[in-house]
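All chains are identified by letter, namely A, B, C and D, in their written order; residue positions are counted from 1 within each chain.
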Amino acid sequence: MIIIMEPRATQEQIDRVVKAMENKGFRININTGDVMTVIAAIGDKRLMQPASIASFDGVREVKLIQEPFKLASRESQNDDTVIDLGNGVKIGGAQRPIVMAGPCSVEENLDGLLEIAKSVKAAGAKILRGGAFKPRTSPYEFQGLEEVGLKYLSQASKETDLLIVTEVMDTNTVELVAEYTDIMQVGARNMQNFKLLKALGEIGKPVMLKRGPAATIREFLLAAEHIMYNGNPNVILCERGIKGIDSQYSRNTLDIASIPIIKRYSHLPVIVDPSHATGRRYLIEPMSKASLVAGAHGLMVEVHNDPDNALCDGAQSLTLSMFDDMMQTLNKLMDILGYEQNKATV
Amino acid sequence: MIIIMEPRATQEQIDRVVKAMENKGFRININTGDVMTVIAAIGDKRLMQPASIASFDGVREVKLIQEPFKLASRESQNDDTVIDLGNGVKIGGAQRPIVMAGPCSVEENLDGLLEIAKSVKAAGAKILRGGAFKPRTSPYEFQGLEEVGLKYLSQASKETDLLIVTEVMDTNTVELVAEYTDIMQVGARNMQNFKLLKALGEIGKPVMLKRGPAATIREFLLAAEHIMYNGNPNVILCERGIKGIDSQYSRNTLDIASIPIIKRYSHLPVIVDPSHATGRRYLIEPMSKASLVAGAHGLMVEVHNDPDNALCDGAQSLTLSMFDDMMQTLNKLMDILGYEQNKATV
Amino acid sequence: MIIIMEPRATQEQIDRVVKAMENKGFRININTGDVMTVIAAIGDKRLMQPASIASFDGVREVKLIQEPFKLASRESQNDDTVIDLGNGVKIGGAQRPIVMAGPCSVEENLDGLLEIAKSVKAAGAKILRGGAFKPRTSPYEFQGLEEVGLKYLSQASKETDLLIVTEVMDTNTVELVAEYTDIMQVGARNMQNFKLLKALGEIGKPVMLKRGPAATIREFLLAAEHIMYNGNPNVILCERGIKGIDSQYSRNTLDIASIPIIKRYSHLPVIVDPSHATGRRYLIEPMSKASLVAGAHGLMVEVHNDPDNALCDGAQSLTLSMFDDMMQTLNKLMDILGYEQNKATV
Amino acid sequence: MIIIMEPRATQEQIDRVVKAMENKGFRININTGDVMTVIAAIGDKRLMQPASIASFDGVREVKLIQEPFKLASRESQNDDTVIDLGNGVKIGGAQRPIVMAGPCSVEENLDGLLEIAKSVKAAGAKILRGGAFKPRTSPYEFQGLEEVGLKYLSQASKETDLLIVTEVMDTNTVELVAEYTDIMQVGARNMQNFKLLKALGEIGKPVMLKRGPAATIREFLLAAEHIMYNGNPNVILCERGIKGIDSQYSRNTLDIASIPIIKRYSHLPVIVDPSHATGRRYLIEPMSKASLVAGAHGLMVEVHNDPDNALCDGAQSLTLSMFDDMMQTLNKLMDILGYEQNKATV
């Protein structure tokens, strides 16, 4: 930790800070400049309870040196985490990227879901996505079929041998959702629902954690840390675009650079959701390709057999044939490039 | 709803959109320009389930005309909501602004809490704030005393006759927290925890809803709508700064204009939390004054008897005497200005 | 300067950085932690040419300790700058806040301009604003009357004894504009037009520098530094809102906290333009009041005798009578509060 | 144009708006809903001078239907613009993507520049970049060699047959820079320096326009429109990252989706500068690959023979051998993918 004192800080104020930090077990180096004094406090910030040093008189600013996440960091684990999702499907490291596909929400029409599942399976997807519990910005929108939706997903899984990923919205339904799904999804707006993260840390299932709508990468990795700290090392990170200054042509700004950045600072697998990131059908394919060549370990794509009548997000869903076409392009790209690129970038 | 067709949309595509909207009960006006066609679909968007019109071929963009929130809007209720919090304390409309004050988190030291409570009461605060359940970005930080913290708050309330506001973090603890507090606080990072909003809609207590770190005003009012839609009209909105491009000198950007904007579009009371907004002690007083003259119905301020040893957010907490000084200034300002300004701005 | 080495940096890489910094005249303190090494390089970064230390192998990050602006900083000048604008009008420090008012652009109708000038003068404005050279996002919009506009402003000044502030858009017209105006305005989108800043540094007139649409406070003060470094100490800073995540209800996000922040780090006067910040007429008065109580040294407000037919920004212009009403409120507020608050906040 | 009236707007207010728009030559459709009235005004907004309709009483909001840029839009020109830069080098449409490479700034060491030029030429770059006039955030940083730098670039061009791209900073030096360079670069912070854009519209040389640090895509295309409107159709757009909420790990947020978006709405070529976008050497290659597969017509990359001693931006410059390695990968990628993807996405 670096403590920058005000230019006018008195020697007494400096001494007070130094003493307080020493009392907390830090080794201290004082760097006295012509204008201001900088105190380097060496020790593990993460084990220190009162981070209150910034409130001392004469302190201008406290800067962290070490990243505040630990279990999620490359420093604590150098090798890429590869998660075995079951059915022979693995994600992370130099594994071939995995595609998750399916409708935004599971709807009443089970046949439609089965049609989608068979079609995306044939096109090369390994995991079926679909929301049974739907977080909606407005209370007037479709909130999902809940347990019925989970049962439908389960049936689609049986008929296609696809794995399932679906969202869990609160602590009360963690066990219910875990009965039906292979991967527990945390939605972007729940990224800092810490009680939910804790509950997911305590179960065995892999978790797919979406980046919050305005989360920094540090906050994103700290959210993963909550899950890992509570006992579950199997966290898949999902970049899905962040809020930006321009939402005219794309719902969010897809932060593709976050892929190599996350891979530098963390060993966890990272995938991309181009559908929610852009909200526009014509942007899915170019953003999927860009994500893969930038090193993503997978993609999550919305596909619907009848987007015009989808109960949510029709405008960003690919049709079955569009998805099929895209997968041919992506598979070609993956075959050519290999997955060496997907190893750690450090 | 305004549906803007692509310049190259065919007549067939236009007809298809028109027919679909008519089937959903909308009246249609077609505006044919030289370059593109614009379809005005008149009816209540909020009652329409499939918002999928944007996915039709030939559609460039769909724009909402009417705000998507209803119960929270000035159109559904013209008069300001005034919430009776108990103890003769009312918030909203032309009521004198209310100050909530107290420590970031309730700590082991009950005497310290009592000292703070008595001091802020003497200075003019009406409500004691303090976190028993603490959402923390990092799992390595103090997470709160939980029920013990609630008991401490309750005792402080008994000794001072202050009302209590404290945060509830998930659906599992709604009932527990409701036993002890007068106002249920929803933290910024839970603003779109829809299961929690629903649960708070179903209880009788007033709710203080904080604006999400990057929530638009529309999203903020839609989150309030979730609570109201589920049966609870007593929602207090709290502006606490939004993420911006500059976090060098202030933790967030306090959006003071949101106060008159919210008052124009909604009848709900709106308060400001300058402590979390700025993260800097020296900014609390100017931002408090600015919020009040801009029409805020109240303030929520962090105060601690010993900020240097606070378990959270010491750097932004006022000392007891700083708070006392500030309240004298704020009271003078309120006396002079009156609260006519706090009436609806429409 | 603090140089944070990668956790895996070798001793050789550390030595190489140390040697390079010593060669550039820095004193070095090495802080060796358990995980990584931090090198404190003490000396004046601003005098160092090659800031390339971040490119050395093994360097994770370089953090500045000292603010990179110098002449604009409180450290180089403790007392507030008070600028004498002529006519007995002074701005800055504990001077009574100054109001600048007038139309967005100077239009063909000279009588209209004179009507506005007389009216704002009567209401208490000290300076007439109006654009003769207009930067416009689209080339299809009115670009201003240019020199004719300057002459009109000059005539309005003669008839009312108001001072003039008007925008200069490029180096070619600096001399021309300087002939007619008392304050040279730099528009937000020109905040980092460094050739223009340099040219304005070389003339004697006071400069009003608007904050760029997404400029950090540090970039803003560095832009002022360009003017001061080139010889002109008379810089007035103008906060006018920054781009944010929500432009639905307000054009920009007015960053009112920037006022006390700038006053802490700089001695320069700072004013606020609520008209461009919000783009909405009903927000001008609450934002003006909030700016004044937060410590602004002045305001710049758009006023038009016939906003419905204004050639630019009619929607954010006050009518003459609205401005008159607002000034009565603002004057009352200023009388009551005094200007002690406007002194340095350090 | 869509004019949304307030729910409480009177019939008189509605009539007044309608009459004003009709007077300006618009055809009017009135859409009367249950809650509010929406007026569709059909005609060419771009030819309308007073956009003041938003200031009328009773108007809630005015929404544009048609994009405000015209010459830059796909509607005015369906086929991709392909610019012949000379020397057989063409950019845009289905042309093989072009790589521009070279140092951030041209330095005193001419031999160094020649070494870089020869090396990037051998690796496959077609254009040499290098700043002779350098916009710098701080006045204490290296501002460029000015005309000497231009002469050096010219000599490097002669010895290697590379084309030259270099920045022009103000109207005063347009002619001087044009003498030496093949492409005139407008820096991000000058994107809305309208006098400069106008001057560049009046010369014949191709212009490379960088996206402003917080410019929306609409503002970006309107800036291009300024150049085209003034007579120069040869504009290359350059995405270089926008300011975001997280600058911890990447200087800016590279908005890769802007490539297919711009190609949908405009016929102009679009390239990417991954160096300024990220500011980190290890991010250049993944972002370059991602940009190409997303459809970019070219790249601009910083390369230096001795980044540790570069006078600017060493930390983001590739070494000669890193650039060479990257180009092999990029060339392989381009060979495999072909450039069909680079055609218009409409």
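Criterion: a contact is a pair of C-beta atoms (placed from the backbone, for glycine too) under 8 Å apart; a residue touches a chain by one contact, two chains touch by 3 or more.
All figures in this text were calculated on a predicted structure; none of them were measured in a lab.
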Shortest chain-hopping distance from chain B out to chain D: 1
Copies chain D and chain A - interface residue numbers shared by over half, same or different: same
Geometric centre distance via CA averages, chain C-chain A, whole Å: 39
Distance between chain centroids, defined by C-alpha means - chain B, chain C (Å): 31
Chain centre separation in whole Å, for chain D relative to chain C (CA means): 26
Residue list for chain A, restricted to those that touch at least two other chains: 214, 243-245
Residues of chain A touching chain D in the complex: 214, 216-218, 242-246, 248-250, 253-257, 259-261, 264-265, 277-278, 282-283, 286-287, 289-291, 293-295, 333, 336-337, 341, 345
Residues of chain B touching chain A in the complex: 20, 46-47, 49-52, 54-56, 59, 68-70, 135-143, 169-172, 189-196, 212-214, 219, 222, 225-226, 229-230, 243, 281, 307-312, 314-317
Chain A to chain C touching residues, read off their complex: 2, 4, 7-8, 29, 31-36, 38, 40, 42-44, 63, 65-66, 75, 214, 243-245, 346
